[in-house]
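In structure tokens below, several structures.
The following pair of complexes shares a single chain, chain A, combined with chain B in the former and chain C in the latter.
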Partner chain A sequence: MEYFDIFVIPFTIGVIFLFSILIGKFVYWFIQIPRRDKRLIGKNFFTVKTLKSIWECITECLLHVRIFKTNPRLGFMHMSIAFGWFMMILVGKFQSTAATGMWIEPPHVAIFLKYFVPTESYRFAHLFAAVMDFFLLLVLTGIILAAVKRFRPQAAGMKRPTKHTTFDKVALISLWAIFPLRLLAESFTSGTYDSGSFLTGSLGRLFELFLPVESLYYPAFWGYSIALGIFFCAMPFSRYMHIFGEIGLIFLRNWGLKTENKVEGFANFELHSCSRCGMCIDVCQLSTAAKINDVQSVYFLRDERYNTLSRRVANNCLMCGRCEEVCPVLIKSNRHRLLMRKSPFGTVTPDFSYLQRNEISISSGDVAYFAGCMTHLTSSIKMSMLRIFEKADVHYTFIDEEKGACCGRPIMLSGALNAADDMIAFNKKLIKESGAKLLVTSCPICYKFFNENYKLDIPVMHHTEYINFLVKERKIKLQKTAEKYVYHDPCELGRLSGIYEQPRTVLQKTGILVSVPEEKEDALCCGGSLANTEINYAERGNIVRDVICTLSADEPDCLVTACPLCKKTFNKERIIDVKDIAEVVASQM
Partner chain B sequence: MTENNLFGYKISKPRSISMDSADLSLAHEILDKIPTFRLCISCGGCTSACTAGNFTDFNIRRVNLMLRRGQLETLSKELKDCMFCGKCYLACPHGVNTRNVILMMKELLYEWEQNIDRRTEKL
Partner chain C sequence: MNENSKQIVVVGGGPGGLETASMLARMGFDVEIIEKEDVIGGHLNQYYQLFPNFRDAGELTQELKERAAHPKIKISTGESLLDLTRNDGKFEILTSKRRKINPDAVVMATGFDPFEAERKEEFGYGVYPNVITSIELEKMFREQGKVTTVDGRIPERVGIVHCVGSRDEKVGNFYCSRICCICGVKQAIEIRKHHPETRVTNFYMDMRMSGQYFEELYRQSQERWGVYYVRGRISEAAMTVDGKIRVKAEDTLIAKPVTLSVDLLVLMVGIEASNSTKEFSKRLEIESDYGFFRSRDRHSEDQESPVDGLFLAGTAKGPASIKETLADARATAGKVWEYFQNN
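Up next is the complex of A and B:
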């Protein structure tokens, strides 16, 4: 047989194994996708969304533009390995066609072409050799960076590398071995036949001086083939599954799919697309401030994928969304976290039918005010809001003044996805009875839940938006003072609801607003999040103090926030004066 | 039911809890897993702040007492009322992770009830 040697067998076994597993998994996940989503795919297939996905595959799977934006050194590392390897496969294919004259041939011919056609005896051979050497050099640079990063993460601009599973380690070591072995194999061959380009050729001539290259190149090709075989066999079970998973994810996401109520179909693509790059570790405050280093999204998704998830890991998360913000693959890990919080054994089902038995009369008003549980604990915010309503001469009604039910988001965050239905019905009825045309909430947690889960037919505003609206309408006038503020974006209002500008517009009218690096999308979590049931008091305290110290670096007079829970959490530490935006406004109108 | 007797007093039914036969396994497990629970001084701050307590006679302090006395049959009925809003956690002067206590109680009680069911089925 032409172009065959026994050493290609490990590689061939690896390729066959990899692709059978891969096709099996993809088909299985695709079958799991619900019919409604399949129709969505059919609808969006012949649209510009598909072209957009192809472009995203190039910019993200190969060039890793998003990682470049946050961390150029890390971006270069990922780009050099992914793009370099892809180009080696692509150019290698054309090279082998030029050398053998065949378009269709077994994959090993292109991969081990140097062994079968050791000299540059075909068209454009020298150009091909130079290009292949260039991309090999690119990949090797990436591998060296990766190795340095593993032992000295600071060199790649990271705080700590990801801890890996056994499969990951096997895959990692074989991946690191593939390219140096290819370099050696090709250099020895070049040395023997006096061929090769600037990298393999020069190295070959150098090795020739002191090594028996003609008897070394054959074992080197064996090593190269075995390394490839091991890598391909470990790949579907390791983090390197992301190489293929991400392609599927990009297409499905652009066609409009998302993780709904079950971990199947699309969720599986998401789960297998996590490359465990570890970018979520560095932004997680549980890691930086509370020294909890095994619950971050990367570990959570890993445990979820391998079915080793513990209650502690699932519950120990603030759900602040900082990790989703930096994730280069855009995995919505919070959704997974919610789905996995259901107890594997079951739990006592809550029963809120008592809410229906309570007859509460509600007065009518144009604006319905829902303070929320947390605001009832920080009554100064509530009183300030009532003063603002009165000053602006608004005909308002207080929905939860006496007997208020929870909005339902906290219990939903604990994993009981449908437990809030009774509360939703109860609150909805009260709001409807009031005849209000607008709902104003003081708590961002309520705000998000009213907005997304209540399906009310009136608009919902958080009090930051509402105060901004009143100021714009000249219903209230603000006096500017010389007080220096730093504004803390609450997670639920900022990152999770996208409200950044309204509070800032208001605060600029009442004093001097100092900007900090940790704001808007990069804002920190106060640490008080209700989403985390696992963290203890001391760990929470560490996060809170860390946040206050970071935010008060410029020594502001006052830390302003827009969330009663953030205020309450900050106030427990008594380091700096903390006010809600409603209090600031109420004292200066 | 107790009725007022001739002199206008109620006569309560005799009530005793034998701590020797009480099932304290749940209490021990929760105390082990959530060490802050040991710090509870039964001040009742949680109960006064409770949102569910506004509508029902749900009482976290009593839940705590029931657990520590092993009165597990009534506990699960009581726990169904909790809205999980987190006010109790913020009100607690000792930083007891009350929400995790309730969450874990619900999970462990479910398991405990399943075991009871299985045992009665066998009989």
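Up next is the complex of A and C:
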């Protein structure tokens, strides 16, 4: 047989194994996708969304632009391996066609072309050899960077290396071995036949001086083939599955799919797209302020994928969303976390049906005000809002003044996804009865929940938006003072609801607002999040104090926030004056 | 040994500090009390009557002060400790008046601070005018001889909340302050004595009546004085239009939520290490939990700190009643005496 040698077998087995597993998995996940989503794919298939996906595959899977933006060194490392390798495969294919004259041939021919056609005896051979050497050099640079990063993460601009599983280690070692072995095999061949380009050729001539290159190149090709074979076999079970997972993910996401209520279909693509780059570890305050280093999205997704998720890992998370903000693959890991959390009530279902029997008569008003449980615990916020309503002469109804119920979000966040329904029904009825045309909430947690889970037919505003509206409409006038503020964006209002400007517009009218690096999308979590049921008091305290110190570096007079939970969390420490934006406004009307 | 040549500094002029100094002076030592406030007596100055026998607190203060008015005691008020170090068996103290003192032994009687009720925002302290602390209630009795709401009315209903800032994971204090249960009983009785028409309800987690005669007083409060008790923690307080405070709690004995409107809500604030206690226990690296001082041994060497020649008295080590503080102060004086027998 022309262009065949027994040493290609490990490689060939690896390729066949890899693609069978890969196709099997993809088909299985695709079948899981609900029919509604499949229709969505059909609808979007012949649209610009598909082109956009192809472009995104190039910029993200190959060039890793998003990683570049946050961490150029790490980006370069990912780019040099992914793009370099891809180009070697692509150019290698053309090279082998040029050399053998065949368009269709088994993959090993292109991969081991140097063995079968050791000299530059075909068209453009020297050019091909030079280009291939260049990309080999690029990949090798990436591999060296990766090795350095493993042992000295700081060198790659990272604080911590990611801890790996056994499959990952096997895949990692074989991956690191592949390219040096290819370099050796090609150099020995070049040395033997006096061929090769600037890298393999020069090295070959050098080795020839002191090594028996003629008898070395064959074993080197064996090694190269075995390394590839091992890598391909380990790949579908290791983090390198992300190379293929991400391609699927990009297309499906652009066609409009997302993880909903089950971990299947799209969610599986997401799960297998995490490259374990570890960027989520460095931004997580559990890691930076509380020394908890084994629960971040990277580990959570890994454990979820391998079915080894513990309750502690699932529950030890503030759900602040900082990790999602930096994830270069745009994985919505918190959705997964929510789905993986077990109900804390075990087999006992919490029963809130008594709410239906609560007879409450509600007055009517133009605006329905829902303070929320947390606001009831921080009464100064509630009192300020009532003063603002009076001052602006608003006809309002206080929905949860006395016998109110919780909005339902905390119980849902804790994993009891259905338990909130009774509360939703109860509150919905009251809001409807009030006849209000607008719902105002003081708590961003309620706000988000009303917006996304209640399906009300009236608009919902958080009080930051509402106050801004009242000021714009000249319903209230503000007096400016010389107070210096730093504004803390609550996670649920900022990152999770996108409200950044309204509070700032208002605060600029009441005093001097200084900006800090940790704001808007990069805002910190106050640390008080109810979503973390695992963290202990000391760890939480460390996070909270760390946030306060970071935010008060410029020595503001007051730390202003817009969430009763943030306020309560900060206030407990008694380090700096903390106010809700409603309090600031009520005292300066 | 010659007592006359030994000089001792007592930091803190509350009951613990005063009693330690008085005993030491009577043993023949030269003592200096350094008190950061302008008057001595500590928190005792604010109290009305003491549990469990309703003794007038002013009377005890007076007695302690008279005992401390001794030729061998020098009292420096309005002066605080800036620095305390120990070199070659001698201490070096720097005070806020830039004075340097080199005593042979030091007694830390830096005491406690009441829990800052603002930290439990859900109770509305600092927001609703009719929410006060137990210390403010003492002052009210002392200064005006009656209990009134902010607009001067005698309250029809008073709620007393136990464990404010104690036994509370949410503020990081897991410990029991030990004195507030009995203080809550005492104050409830006092309110009933002054205003028999006023209904008093105490909200508690459990009643810790460990001291002598405490349980009897608790029983009396119910049988003789008609004080109500609800077992359950208050979850939140809100102000109604008429200025009343509506509290929500769960009555855990009948497992039902309860709501009650009161005219005045009294928060039984717990005992926390005072700022000086926190600061110096940390600086001297003899900190136990929550910023209190750590003694050498809880049983046999509870008055000695791990630092040679540095002694501890009273609530600087943790929650204690006045009775316990005074007893501890006397023990500390004895231990100082023993120390100088050998040094």
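Convention: the second predicted complex is superposed on the first by the 585 of 589 C-alpha atoms of A that agree within 3 Å, B and C clash if a C-alpha of one lies under 4 Å from a C-alpha of the other, contacts with A are read in each partner's own complex, and residues count from 1 in each chain.
The rule is simple: a contact is a pair of C-beta atoms (placed from the backbone, for glycine too) under 8 Å apart; a residue touches a chain by one contact, two chains touch by 3 or more.
Worth saying up front: this structure is predicted, and the values here are computed from it rather than measured.
*Asks:* Taking chain A as the common reference, can chain B and chain C both be placed on it without clashing, or not? Answer clash or fit.
*Replies:* With chain A as the common anchor, chain B and chain C collide in the superposed model.
*Asks:* Based on the superposed arrangement, let me know which partner A:D393 touches: chain B (first), chain C (second), both, or neither?
*Replies:* Neither partner.
*Asks:* Counting residues of chain A in contact, which comes out ahead: chain B or chain C?
*Replies:* Larger number of chain A residues touched: B.
*Asks:* State whether A:Y537 touches chain B only (first), chain C only (second), both chains, or neither.
*Replies:* In the superposition, A:Y537 touches chain B and chain C alike.
*Asks:* One more residue to check, A:K568. First (chain B), second (chain C), both or neither?
*Replies:* After superposing on A, A:K568 lies in contact with both chain B and chain C.
*Asks:* Thinking of the overlay built on chain A, is A:E555 touched by chain B (first), by chain C (second), by both, or by neither?
*Replies:* Once the two structures are laid over each other on A, A:E555 reaches no partner at all.
*Asks:* Where does A:Y354 make contact in the superposed view: on chain B (first), on chain C (second), on both, or on neither?
*Replies:* In the superposition, A:Y354 touches chain B alone.
*Asks:* Is A:M383 in contact with chain B, with chain C, with both, or with neither (first, second, both, neither)?
*Replies:* The second partner, chain C, only.
*Asks:* Quick one: is A:E2 in contact with chain B, with chain C, with both, or with neither? Answer first, second, both or neither.
*Replies:* neither
*Asks:* Can you check which stretch of chain B gets into chain C in the overlay, out of 8-16, 26-34, 44-52 or 98-106?
*Replies:* Only 44-52 shows clashing C-alpha atoms.
*Asks:* If I apply the document's touch criterion, which positions on chain A are contacted by chain B in one structure and by chain C in the other?
*Replies:* Looking at chain A, the two contact sets intersect at 376-377, 537, 568.
*Asks:* Sort out for me which residues of chain A touch chain B in the complex.
*Replies:* Touching chain B: residues 315, 343, 345-352, 354-355, 358, 373-374, 376-377, 403-406, 408, 410-411, 414, 416, 423, 528, 530, 533-537, 565, 568 of chain A.
*Asks:* What does chain C use to touch chain A in their complex?
*Replies:* 116, 118-119, 121-122, 124, 126-128, 169-172, 235-239, 246, 259
*Asks:* Could you list, by residue number, the parts of chain B that touch chain A in their complex?
*Replies:* The contact residues of chain B facing chain A are 35-36, 49, 51, 54-56, 76, 79-87, 90-91, 95, 97, 99-100, 103, 105-107, 109-111, 113-114.
*Asks:* Tell me, which parts of chain A touch chain C in their complex?
*Replies:* Going by the criterion above, the answer is residues 376-380, 382-383, 402, 537-538, 541, 567-568, 571-572, 574.
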